[in-house]
């Protein structure tokens, strides 16, 4: 395997940026954003350089490693701090640094009025570094560091405006729910070490064939738990909506393009485990399917533009997870959808940010309307993203999403039919809620508050949007042209046999488009023909109410985990005070009490004392009497 | 005549003396009861001296008498002192110190 | 205590007779000590116990001890007791009701237990060697034998006992000896003081105590001309002790026949 | 029958003889010297005789003889060690006794009478306490070296009688003081009657009143053991009374509280050494072979004593009573040394006695310093904030308390460790465990006093600390140095004890 | 520096020097104290440098006869385990002195006394880890209580004296049980070749399994109180609540480590069989501690109590690692001890500064500190992250090693314990949210940020936390041979990969 000394720069540069920005404090306020962007950009440059190097090598020689130092070594538990850049990670590296840099640029302007912009850039850089570590680590433990690192960055960024208690709570919620997922990753690593004896990708891959399916299934399920946490999949999805509390660039970068896709990366990266553990794989598919519907349904009812997009993200990642769960045949498509999604969803988020920028940070779509005229560029870029997510040919989503739907149908048997139908249905709902977003935001009549003065965003903001829009348009075509991505990634995955074709690709596309058309039509009928109330109507169906409440996920969590947890805590606190410490104090009191009691023996009467002596003597005599009897 | 009878007698006297210490309140009577106990012990010594056929026991009894005399002097001096202070020879009245 | 039956004593019927007469008396006297109310009666009973013990000593070949018991113990120590009893009030009597809760039952149980168990134990005791008797030990006379031991083997404790005696004397001194801290005023000084005092009322001396037809004693105050008692005619100590008698019954015109029964 | 004159080895008896001589001189001083000169003369005579006696003890340290006084007295290693301990403790106690504020001006005067007031005004002093102290010390020296029951009994009385008297001589709260004297006396006499009764049965059992004779009888057997057991039981009552073991302890809190504090210090420390010394000798030599019979008894008593003393001490509000209960608990710990019945047990006991004795005198010395206008303040509530007002005094007291609690680096710890390990070695595990647990309880009240002194704010009620007289200072400083030194580097003392501590028979 | 005795004497010299400083000149007092602790730290580091890592025998061994009657020696020597802990103690000492520059002012006694107590305590801290004579260990183990007692009771806040007493009684109780065991060991050594307290010799004693079990319990309960393990923990929150931050650092950071150190050094070495017998029970207690401590921490309203309960959770991890009997668990536990020292130090010191500025330790009284005092807030945040074992922070490495090491042998325990990491997120983030985030609440607007002295004090702590998170090798290389040695002596080998029993 090729080694390289320059991989570390990918991570080191943004990390250095973060460190400088954080340590320098207010002194760096003037140039902090520039440094942050430069660091991210240079990392992107290093990524491009690595790609060019990689392209110049044969398939087998493409993966590059760099061992930095021996990190942990105890007994047989040996983990090096080492990086691995292969065909899979390079995709992520470029996505992260590329989209990341664009968002840095965007943020320069977006955050220009914020007192703490420097800190924001520091966090962004920290995130880039952590995310790169996540995708570059050569073992699960290294990945874990990045995994929690992005969690931290996400926490910091969601809570960037933590002076608002709700935002602070949102960040905490995100972190805690992520930690539940992280726990899964810990379990996976522990099981892997206990059964296989190593935690590196390479090592486990080598041992897969003589490891029991049971163990692999356990590892797989635990990895899936991790993925659900980080990628906001069912049942750990609840944090993503709240995470929109963060500045919009954050939502674009972290909660749309990169971090939330880490679950997909994890499952794809662990393909050798899932391939050998069908049960785990099946679970992956199920989770993906549930989430894609779940997210889509939530999306239909949200009035907050960012939350609607977040729900969409959840749903789209459901697609990816589902794709990744389909095995060797699906990994590449999952990644492809991941990449295209990275473009169009980031683009749309930035668009949403741009809208908010123009609308005094208003997020309620019911207070938008008719913005097309005031924000033409935003409308254009957002619209391209819209088309992409709908899967309208030839936009990016068409290539990636249809592939997943097709693969789902072709996964065989009843499973195939169910999955295919779910994905199709999802596509339809997606079309509905995205159209709703478009209509509410850009068309119709204006429903703004009086002080709103919508205007187009400055260059630094729309330029990244434009670049991403280009990506939304072209990436699908570019990546699927001649199965470019599939072939690029193929060496990493197991060969897959031919599948029975349930439906021809063209049929699938047709069905998908039909569903999309239905979705669009319904949305059109519902929102374009009628007046949209600027305040969300209350007299809606139960389903809408439930959907508005994120399908009761928070209620559920509160009722099942939070409240009992809080009660348990209170009970324990009281128990500790009353029972455990009480027992200790009780012993003390008992001693004191018996002391006071025995004190009574000392009555002050000399005759009592004499009686005590006499009784003592009698007892002695009695003992003798017994002994000699 | 069984010498053991003297021992029984001695035990009885000792017991009576001990009980007297507990039940009587007049300090002087209490003290007399203690003297009775000492006398009982002396009787035991004398009896054992006879049983053992040596005079050591009698010597002890003799010493006891001397020591008891000293004790009486000291004891009565203390009792008189406390009587003078309290105008009472009851041991129950002297119960300032307790608990 | 089967094998304690003494060969030396078995045939001596007189001793047995004496024992069975005196032992019950002794026990009864000792028991009486617990029951009588007056301390002085207890002392008398105690003395009788001691004298009885002296007989037992003598009967058991401890002649010297028997004598000492009578002379020293009964004669001196008990007299000391009586002396002190006189001092603290010879007629003072104890109430025999128990004031400390629970003490009496405890005492009785303990006594019965103690006596019973001890008697029972003595019944079990064996000596493992023959009882000898004091014939050979007293061959040169009891006193000589004792002296032999006392002045040779036990000379050290014997000498140490002297220290004990000194201690006792010293102790009695400390507690009882009123050191004369100031010289006693002379008659002359007292009379000077009387006349130099604020009032001359008592210059001629204090009134004598009451002398009446049917009663005269130092504990009765004299009557003043107005018929009221003169407090200063009675010694202050008696007054303090509350031993002063009321004069009412002796006053004129109030002659009461019941006064005869006073004291 | 020829009378052969007795032979006494005066060298070996000299410590006791010196003290008795000193006491007699003291009596003569009382009789013939003018009042003004008495205090200083008595103090010099007393200290002189004690120091001289200590010097004599040092000189005879390697002697071993049972023939010092026709078999009545045995001089051996433990005897020397115990006598030396008693003498050292007595010397530092005498420094406290020299405090004129502690004793009544005139014992014969009625409390509160004109006579008493006059005596106080003229500065009268009861200097008789010095000879009484010397008599008591002489008795204490004799007690652990006695080799027959007569001498033991005489010594017992000799050490007790002066103490009965001295307990009643307090300057303040005289009624309480006299009451303590009465209680001490009555109960002491009561217990010595038991002692004597027990001695009678031992004599009956063994036909001998010497320890050796009793031992031979125990070894030789013959007959059954009823007399022996009765004898041991009643003799033990007398001895256990002196050391203050439950249930024969009841006198000690009252007497400790009522007696003048220097006397309390003296009797708490020195009596314990003497009584335990005697106990060790008689149990280790005469009764050793009847171990089966008395070990269970002593074990139970030891356990009850430790636990009872510790528990009741918690509930005390008076510092002297608290120390009294603490001394009861310590009696329990010391009994484990008797139960151990092995050489380590003997060594440990002697070490413990010395260490405990010195710390006790030191502790009571501090008690004498805390006063208000009406004399000593023993109510613990009024000790609050002592650490603030007089940090050194409070620190020293804390040092003694920590030693009592058995905290490492104090003599108390080494003592506890050695005595418990000896007991464990002999298989008395239950005592060790009880000891350890009651140490925890005990620690609680020692610490409570430390809290009061250091962590509670002082109450302004006129309680102050007397500037210690130079004599009291010597006592405190000496005690604290010994307490710490024996905790940090006890090796020399332990070695010394180890080379000497073997009973001869 | 190659003499442990000298190292132990250094702080004593320092405290003597302190005694000589004038009472009025408090700055000089503090400077002397700081200089002393710095010298000690430097000397320890120098010692660590000359430590031979791969040598499992005790090093820097010294032995002087102390109480020959009982076979007691003043014997010291260190292995990797002891070295690491001594290193931690001596590095923490100057930090505590510097960080708590003014914390002695509210005390009952003078500043001088405070620092004398600290220095005496430092001597004992070194000694307790270096002792190779059981008696010496015990003496220091118990004697340490006294300075801490006075530090809590004399300089703390709130119910300080009650807390100090509770601490002392608890500790004494454990200590006395241990004393009983030590006595038994001593007596047995006498039966088997002469009285001794030498650890090496005692570890070869023959004893019945019943005896071993009882003696083990005597030691273990003492250590479990120190550590503190559920349910013997209730003294800790009170003590930590009342003590000054600096004292708390020494108490939780160093003194409590004596408990876990003792489990390895004494429980495992002296009673291998009993250790195995009790392992299942202890593991359960450890797991309960982890979860219970976390829950209780979540439920606390007082910042100091919260930190105390987090420590209970962490000590659960350490104990679990020790009794997992795998090299990962063992090394992880040892590393955890070191790391916990620093992360708790950071929490307590920063928490202490927050409290002293605000004048309250109730979490709800804070709010929005991140905007008012960014440096302080960040320090607290980083400390918190270390406490919740965020990767990249030192405690992650150790916590993960413990979990992995436990999992290979006791998967169920490890799984339950892992839930602790979720709870950890809660117990750290709740105070972070309440105190640092949210709007700046009244009373907090004018709090001052850390000054230079405080920054200098906290910087090395955070630097160590982060540096060891990324590069723990220097410590692990010292720890590993020692851990492996212990494990091997107990007759354990790490479980081989099972391959899922295929």
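To keep things simple, chains are lettered A, B, C, D and E as they appear, and every chain counts its residues starting from 1.
Assume a residue touches a chain if its C-beta (ideal position, glycine included) is under 8 Å from a C-beta of that chain, and two chains touch if they have at least 3 such contacts.
Here the structure is a predicted model, which means the values were calculated and not measured.
**Q** Identify the chains in contact with chain C as well as chain D, in label order.
**A** A, B
**Q** State which chains count as neighbours of chain B and simultaneously of chain D.
**A** Expected: A, C.
**Q** Need the central chain here, defined by C-alpha centroid distance to the all-chain C-alpha centroid.
**A** E
**Q** If you average the Cα atoms per chain, which one ends up farthest from chain D?
**A** When every chain centre is compared against chain D, the largest gap points to A.
**Q** So, comparing C-alpha centroids, which chain is the farthest one from chain E?
**A** With centres defined by C-alpha atoms, farthest from chain E sits C.
**Q** Would you say A-B or D-E is joined by more C-beta pairs in contact?
**A** D-E
**Q** Roughly how far is chain A from chain B, going centre to centre by Cα mean, in whole Å?
**A** 95
**Q** Between chain A and chain C, what is the gap in Å from one C-alpha centre to the other?
**A** A distance of 103 Å separates the two centres.
**Q** Report the inter-centroid distance (CA atoms only) between chain A and chain E in whole Å.
**A** Result: the chain centres lie 37 Å from each other.
**Q** Using the average of all C-alpha atoms in each chain as its centre, how far is it in Å between chain A and chain D?
**A** Here the centre of chain D sits 78 Å away from the centre of chain A.
**Q** Would you please write down the residue numbers of chain B that are in contact with two or more other chains?
**A** Within chain B, residues 7, 14, 17-19, 21-23, 25, 30-31, 47, 49, 51-54, 56, 59, 63, 67, 70-71, 74, 77-79, 81, 91-92, 94-99 contact more than one other chain.
**Q** Residues of chain E that contact two or more other chains, please.
**A** 169
**Q** Quick check on chain A: which residues sit in contact with 2+ other chains?
**A** As it turns out, chain A has residues touching two or more other chains at 588, 599, 602-608, 610-611, 614-615, 617, 621, 624, 628.
**Q** Go ahead and list every pair of chains that touch.
**A** Chains touch in the following pairs: A-B, A-C, A-D, A-E, B-C, B-D, C-D, D-E.
**Q** List the residues on chain A that touch chain B in their complex, please.
**A** Those in contact with chain B are residues 599-600, 602-607, 610-611, 614, 617.
**Q** So in the complex, the part of chain A that touches chain E is made up of which residues?
**A** Touch residues, chain A against chain E: 22, 25, 69-77, 81, 141, 144-145, 147-149, 152, 159, 162-165, 168-169, 171-172, 175-176, 179-180, 182-183, 186-187, 189-191, 193-198, 207, 210-216, 218, 568-570, 572-573, 576, 580-581, 584, 588.
**Q** Within their complex, state which residues of chain C touch chain A.
**A** 100, 103, 106-107, 110-111, 113-114, 117-118, 120-121, 124
**Q** So in the complex, the part of chain A that touches chain C is made up of which residues?
**A** Listed in rising order, the residues are 603, 605, 607-608, 611, 614-615, 617-618, 621-622, 624-625, 628.
**Q** Which positions of chain B touch chain A when the two form their complex?
**A** 18-19, 21-23, 25, 30, 91-92, 94-99
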